[in-house]
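Okay, structure first, notes after.
To keep things simple, chains are lettered A, B and C as they appear, and every chain counts its residues starting from 1.
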Amino acid sequence: VSASHSDLITLTTDFGEGSPYVAALKGVILGVNPAARLLDLSHRVPPQNIRHVAFFLTAALPYFSAGPLHIVVVDPGVGTERPLLYIEVGGHRLLVPDNGCWTMLARDVGGTPRVIRLAEPRYWRPQVSATFHGRDILAPVAGHLSLELDPRELGPATTEWVHLSVPTPVLESARLSGEVVFVDDFGNLLTNIPAAAFTAWHDRPVRITVAGQEVPRRVRTYGEADPGSLVALVSSNALLEVAVAQGSAAAHLNASVGTPVEVKLIT
Amino acid sequence: VSASHSDLITLTTDFGEGSPYVAALKGVILGVNPAARLLDLSHRVPPQNIRHVAFFLTAALPYFSAGPLHIVVVDPGVGTERPLLYIEVGGHRLLVPDNGCWTMLARDVGGTPRVIRLAEPRYWRPQVSATFHGRDILAPVAGHLSLELDPRELGPATTEWVHLSVPTPVLESARLSGEVVFVDDFGNLLTNIPAAAFTAWHDRPVRITVAGQEVPRRVRTYGEADPGSLVALVSSNALLEVAVAQGSAAAHLNASVGTPVEVKLIT
Amino acid sequence: VSASHSDLITLTTDFGEGSPYVAALKGVILGVNPAARLLDLSHRVPPQNIRHVAFFLTAALPYFSAGPLHIVVVDPGVGTERPLLYIEVGGHRLLVPDNGCWTMLARDVGGTPRVIRLAEPRYWRPQVSATFHGRDILAPVAGHLSLELDPRELGPATTEWVHLSVPTPVLESARLSGEVVFVDDFGNLLTNIPAAAFTAWHDRPVRITVAGQEVPRRVRTYGEADPGSLVALVSSNALLEVAVAQGSAAAHLNASVGTPVEVKLIT
């Protein structure tokens, strides 16, 4: 069996690392394709948090080349009528519940998605539980896809799916208003204000606030700031980021997802 | 080297993800067989908790096909006279300390176990520490087994081992009494009451209590319940489960492993 | 593609398991070499904690054979002038920021390090961010090295690098003074007092204290102690360790990295 991108399967779930459910997913995939190469992305998505995993995917998947199959199991609607989908978009391939977790990624990577609704039980586990479709449907389907199954075998193409609505920043000529959309494990605050909007004013003085609290300084990188000081910078995925050098901006500002962020030109 | 199931080695420990001990295990295995494929199941078993890992294995390993070798290192007796064992049972292969962590799995998957007591130091690390037999004995033995070593080379077969005593539910014609045996990372309560006993009464009204607190509703899947509401359902591994939709039943009921659970027919 | 040690790449970071940054690292490596085999060591190094990761590496890497490439991304100086280095030492190969994280390992494994300063952008991502050199420089370089790129292509050899200063124990004929240098996930306290110094006094009575609190008993292994009791023993990597059997010595003694530890001969 030669190694190729197509036998790589990544896993992103909200199961937690203590969970036997992650292990069960892995077992089922390997039962279908013992040569599949499994890669954990994260099992720490906060439970049932679609917005979180949506942002996670936009921050992670663009760094993968075409080839790997990405399974995403954050699935509050498991067992209800919500479909499961196979997606191709911008060269990326995903297996997801139809809850919008992938549409922010699709917006970022561009292109017209190809979407197939999983409908062929012959590629599923014989018994499908009401509470764990990741194990009983997505995992065996992933195994089959990694064995080069044509996705058309999985079910009908569809042009209907759930779109996740995400907060849109307001970008005006002298004011950018957005919010915190992700807090990383360092406590850095990632906002939905694109760095391009921010850097366009490069040499002009601005006032940056997070929930009304001023961020006193802009830097290019953490190391330019004194440890413990609050700074704004361009994040590694080109968003406005607010950080505390060698500390947690989330703790320092008592900020979390949804906290408003504003950048104003000082005239 | 072709990929086959037999070069797959899974790891389940109570070391924690911050631990260099997990890395050391991996290094030793790969030192013996550079082509071994390593798969983390979990390193979050609560320290020295045999019952927890026993349940974990019953919830995870049945979803694996025959082939992978499962190393389990939860080993409060390390360095004492407790043996280390190679096990084959129900098509699964394990390397474990002799502390009963695998006997609940054996009961579930059935069949007569083949058990070998590790006794051949030539397959171990030259220096065996008193506190880390996982690294010094199990890891190199796993490496050798993944290179197709005949398990008979490892030591003598034995028919004696520690059995883990697990709480047995009392299943009467109008009453099922058990307890919580596992709390997953969502806070869902897995009980030792088999779903079959519960579903046999399908259309008849029952009263379900957890430590005396009533569970007001039965559902087929989480998505049928209002977010935040307390429900009973059949778990993905066919046990009675108590959950809070998009929340934590453990927190809601202040329940943990050992909390009594009862199902009564209302006549 | 045949499996060999040289396509193994391990990852050690302070990103946290919830982080999309780990996934991004993996994606970039696999984009360069789809056949690379990735192995997580830990993503739980405390943020920007060079001493912690330095100890982690000394406790983990010596158990690996020559061959794997170890990426270490704990990088408070990212984006500043600090170089990035390729290291060969004692048969181990690393890619690290030049912050001393590897020099304690070098001291332990011995030999003269070969150090190359990464200077050839052609092996990097086309756009290098100011805040994520792990993804933009180390990951693609690792991919190329796993494809057998000669390290000399990466940049000039250097004999200058940051040395991490680590607390040195004071080993006298009747007194050993050191400190806690690592707390593992069990709460065991690893000290910088070599076991050899301690065991040299094997049969003679000693008084062991942690921040002035006496450790009443020495054991060979945890299982010899009553659960909950405080003991001293030789750690699995040959250091003086203080532990609570089936409990946490860190919590019991309110000890952490830097807490003083003393062993005195009782005359």
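Keep this in mind: a contact is a pair of C-beta atoms (placed from the backbone, for glycine too) under 8 Å apart; a residue touches a chain by one contact, two chains touch by 3 or more.
The model shown is predicted, which means the values in this text are computed figures rather than measured ones.
Because subunit B and subunit C carry the same sequence, their contact can be compared by residue number, and under half of the numbers here are used by both. The rotation relating subunit A to subunit C, fitted on Cα atoms, comes to 120°, given as a multiple of 5.
Look at where the CA atoms of subunit B average out and do the same for subunit C: the two points lie 30 Å apart. Subunit C has residues 17, 37, 40 in contact with two or more other chains. Looking at the complex, you find that subunit B touches subunit A at residues 2-5, 8, 10, 12, 17, 37, 39-45, 55-56, 59-65, 67-68, 184-186, 220-224, 233-236, 241, 246.
Against subunit B, the residues of subunit A that register as touching in their complex are 1, 14-28, 30-31, 34-35, 37-38, 40, 47-48, 76-80, 82, 129-132, 135-136.
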